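Working notes for the structure below.
Note that the chains are named A, B, C and D in the order they appear, and that numbering of residues resets to 1 at the start of each chain.
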Amino acid sequence: MLDGYTQSILIFTGINIIAAYSFYAPFKTGQVSLGQAGFMAVGAYASAILTQKFGLPFPVALAIGGVVAGIVGVVVGFPALRIKGVYLLLLTLGFSEIVQVIVLSWEYVGGAQGFRYISFNPHTLTYTAIIIVALILFFARIERSSLGRAMDSIHQDEVAAEVMGVDVVRIKLLAFGIGAMIAGLAGGLYAHHATFMDSTTFNIMLAVEILTFVVVGGGSTYWGPALGATVLTLLPEFLRTLREWLELLPVAWTNFFPVNRVYDFLHAFLDFENAKRLIVYGIILIVMMIVRPDGLLTRDSLRRLPFTRWKPGHA
Amino acid sequence: MLEQTANGVCLAIEGLTKRFGGFYALNDVNVEVASGHIHALIGPNGAGKTTFFNLITGVLSADAGRILFEGRLVDDARPSNRTVKGIARTFQNIRLFPHLTVLETVMIGEHCRSYPSVWKALGKAVLQRPFGEAQEERTMRANALELLEFLGLAGQRDAKASDLAYGDQRKLEMARALATKPRLLLLDEPAAGMNPHETQELDEVITRIRDRGVTIVLVEHDMRLVMDISDRVTVLNFGTKIADGNPKEIQNNPTVIEAYLGEDVQL
Amino acid sequence: MIYQQLINGLMLGASYSLVAIGYTLIFGVLNLLYFAHGEVFMVGAFVGLYLVIYAGVDIYGALLGAMIACGALGIVAVFVAVRPVSKDRPLAPLISTIGLTIVLQNLAVYLIGGRQLAFPETIKQQLYHFGPVTISSVQIFILAVAVTLMVLLWLFIERSKTGRAIRATAENHETAALLGVDVNRVVLITFVIGSGIAGIAGVLDGLKNSSISPFMGLGAAVKGLIVMLLGGLGNVPGAMVAGLMLGMIEILSAAYIGTTERDFFSFLILILILLYKPTGLFGTRTIDQR
Amino acid sequence: MRLSWNFIASTAIVAVAFALSPIGSADAAKLDGRTVKIGCLAPLTGKGTEWGQAGKASMEIAVEEINAKGGIGGLPIELICYDYQTLEAEALKSVSRLVERDKVLAISGPCFSGPFETIAPQLERLKTVINSYCSSKPGLSAMSPWAFRNTLTSDKQLKPVVAAWVKEYKMKKVVIIYDAEDAVSKSEGASVLPPLFKENGIEVLDSLTYRTKDTDYSAQVTKAKSLGAEGIGLGSCYQNAAAIAKEMQKQGLNVPIVGGACASAPGYIDIAGKAAEGTYMSTAAWIDDPRPEVQAYLKKVVVKLNGAKPPYGGPRAYDIIYSYKYCFEKSGVTNKPADLDSDRDKIRVCLGGLKNFPGVAGEITMNEVRDGAGSSAILKVIDGKYVNVAK
């Protein structure tokens, strides 16, 4: 059995993966959203209200939370259809901010004191795993379907897609709503694992982080979001572990020149206090955008893998 | 095909007007396109030809006027809806989906025929067998391949659209448009950037498309091509219609000749 | 109370305008949402602070120093996070500047620590009473510098040759290049000017709020974005006016509606403008729809 | 922790020194294992940075002092610190890592009421003591028998302060300005200060709010001024409190200020300067305390913080380590891996019974809901310094 720490890491990685997929769904149609933090908040608060104030069982509350977030997503997505690019980015950012302010001034959910005593769900890891598998299957199916192709075509040239008979409005709305629903699920899982949240829990930086998961992982394949979220969540933990391994070396092996210098340097370097870690994180983002602007995984790189039998168009 | 010609009007444009600021891109234009015809639309640069296409396909909305397709008003329909109704087009400056393959590109065109609603598309996408493929997909692929065959692109089915040669990209646009099973096809300068040999080929391709029962409206600068294959020609200048008639009449129309004066065009 | 609140709005608005000007300039020539602009503003504030404390310069020296340092930072930003990044993926330059934002902010945390630092009082505090209104010498100074800067910038954009080149580039890269404008140079100059103004804005903000912290950039960036949009993308005078408007709106909603809700109103306005007048109140251009 | 290897290598020497030393804690049993592990949660970024940095530095000083004198039961303390960035999710991750991976005996931290509230309900499962050195929102430790704070809750801190403040300035009408986003500040502004003012016969004209990240308070100050406030009650952390004081000065609103638990940091005076004069604050630890042990601690911590002075969380964190040392020695902790659960429980029991434990932040007594109780200072800012005016 996994210890609680490992579980916790896996759960947060899992929630980040789900959040990354919530960004990926609208992104597949070319919509870039910073609203995913807001949708996570909607799902989290909706499901927590249902378990705490109405005593619903967790799975039911989680599902309803997802649906509520999805509905909010469609409501937000509808006006968002009119705009794109930077405008959409700002609109969704504004949405996330407004959700924060509402949560802050809504005393029913604790206001600034935060939402407390949310019931702890001991099976979060299982739920997270199930949802991730379901999402990967879902997006794999979408990818190999006509709908997936239609979404890609909207991403690449919206006008041309529309003129070719692709129902751009409905598909974009659907993608936005599905994304919001997935974000709602991620929020619900978070709420019942952390058992506490307040207006600052789902903030703009979280939205930006979710965006970077997908961009770093690669937004053109459905494996990208999972990869990006995993790499960026586990990287700091991994660096910590590296340092522990280093410390396992007996002193006698390292305590002479020049090995001690190397050891001291590595030891100091791997002391990843947060500021330093984030500096490295920022540098990684910049370098990534210069060397691999399409992310770690692209369709081409998938095509080159020997074991992927799938070829686009051979559905 | 013949009875369609006899059946009369495929597309009727009445009083079509479009302004950009104070400038009239189109001013009270009336055009009738007969079913089964190849109908050419010509005019100097800036005459409003592409605007005309954008209005018919709904990419832009008109300031005044009516568009009747097969006798029914389509003014309020969104572009995708007009495609479903049977209007398809190609673009003057090629607009392919750069990251899709040739085959996928054509299958995009078929999407609206196979999946009339988004929900059905979603349902089919999710409920298909784990590793098999839906019947629809197979049919779509077969149809797409047939179209590629028809336009001579079958050999490049797995190439990326953006990697194709220029002339082939134009053909791919046509294949994509044909995949929507249109009854009216708008071709925006299909010969632009093609060499004489390719143009020759295009001549034949367009005629064959017409022979499949598709009415064609053609915007083209290559007058040899236009005069060769068109059943009827409409001439626009500065947003107004200045002439309408068969190729012979147009070639001898003094207004048209005047409009083209200064432009190095052999009528 | 209303008069005093209007003064408050004016002060707040002036600081928003100064940040937004740089944003909108850079957006204009590059069509790029330059996320790191808020952090440049933060760096300017710290440069000013350290100049005053360690070099013993007066406030003018601090302003000048911050301007030069941030201008230089603008050049670095262009060469590190803008030029090497491919332009055909709309998200790539955005992400790279987000990366730059994270680096700058955390570099500041790493070097300075995450705490708030007092900004030295370099101007003698004095209060002036005009009827119901009280204005301090610091406020008058801030306002004077802000207005001077905006007028100078406006003259520069409208009258100078470089200003015309900037406007031409903002209109259309290709056309500008055809007209003999060295687009790369214009981009660089715009970054230098925009960043330099942000540096000055940072110092003024330090003066206004009496303290600065490594985290001051994000809030400024978000408010700057709203103002840029309100004024119309790439529209410099628009940003000036819109900044004042947002300042007034925030202060008045805080004073008469509710202080917690004031961000709600600024974002509501942002959303309404995005939906109903995406060109901004004074703008004419929108982002290329393709 | 490379140092720890050196310590292990020199355990023999320490043991000899221990045997020879007449002042070694002779009554403490010799412990098992290589080190005594104490976990530490400190926010080194985010809004809690200043408190976290001071807390971590102070704990490290305490550990260095204890280790230099032979550690606990012959073993050096190993302090395992994680930066949780003042984020609840990070705090949760870090705490389960400390408990389950690092297997610490007890944890010092977290700082701030938000992360504390997040962790407290999980302690039923984790069964390890946490002890916060900077959280004062009332009612939080009651969430779990494993949750402790050696700080006074803000209601207890503020009661004598408000009384003294009113006695000196004799105002009748006040306006409260508080941070609607920060847990402790909001509880002070919304539920601690109003009844205290009422008790002292003062009318609260209005309660105005702001958000933590706000930097402009002109609207609130103008409104307070127009309402005719004769005093301002702040539920506010020191950064915002100082900016509000400054803004009051700028607008010519020269009325006295009283601030809560989060406001009384040295940074308040540094930033607000002259505007801070006359402000009343509460805290049990203030760094101008003349006691030698406080000044000795202060000297060390200022060096560690590159010249900065710590807010009250610093001395509190320092005291936590010493109270842990006391409990490890008194309660029969064995430090054997097999006894981990019972060791942790022993520490919990011992900590709950803490009475008048001497610390640099004042004497610590844990009350029935595991919050610190005891004397609190009444601080007034006079000539740029905190002065205790309590009788």
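Odds and ends about this structure:
FYI, a residue touches a chain if its C-beta (ideal position, glycine included) is under 8 Å from a C-beta of that chain, and two chains touch if they have at least 3 such contacts.
Keep in mind it's a predicted model, so treat the numbers as computed, not measured.
Looking at chain A and chain B, not one chain touches each of them. Taking the mean of each chain's C-alpha atoms, the chain closest to the overall C-alpha centroid is A. The most distant chain from chain C, with centres taken as the mean of CA atoms, is B.
With A-D and A-C as the two chain pairs, more C-beta contacts join A-C. Put simply, the C-alpha centre of chain C and that of chain D have 37 angstrom between them. We define each chain's centre as the mean of its Cα atoms; on that basis chain A and chain C are separated by 31 Å. Between the CA-based centres of chain B and chain D the separation comes to 74 Å, rounded to the whole angstrom. Touching two or more other chains at once are residues 44-45, 180, 211 of chain D. In chain B, there is no position where the chain touches two or more neighbouring chains simultaneously. Contact with two or more other chains is made by residues 106, 109, 114, 218, 258, 260, 263 of chain C.
Interchain contacts give a graph that is no line, ring or star and is not complete, per the touch definition above.
All chain pairs in contact, by the document's touch criterion: A-B, A-C, A-D, C-D. Contact residues on chain A toward chain C in their complex (touch as defined above): 32, 79, 82-87, 89-91, 93-95, 97-98, 101-102, 104-105, 157, 159, 204-205, 208, 211-212, 215, 219, 274-276, 278-279, 281-286, 288-290, 293-294. Those residues of chain D lying in contact with chain A across their complex are 1-2, 5-6, 9, 44-45, 83, 85, 88-89, 92-93, 96-97, 99-101, 114, 117-118, 121-122, 125-126, 137, 143, 179-183, 186-187, 211-212. Taken in their complex, chain B has these residues touching chain A: 57, 59, 78-80, 83-84, 88-89, 91, 95-101, 103-104, 107-115, 117-118, 121-122, 124-126, 128, 133-134, 136-137, 140-141, 157-158, 176-177, 179-180. Contacts from chain C toward chain D in the complex involve residues 1, 4-5, 8, 11-12, 106, 109, 113-118, 121, 125, 127, 129, 134, 136, 138-139, 205, 208-211, 213, 215-216, 218-219, 250-252, 254-255, 258-260, 262-263. Against chain B, in their complex, chain A makes its touches with residues 138, 141-142, 144-150, 152-153, 156-157, 159-171, 174, 220, 299, 311-313, 315.
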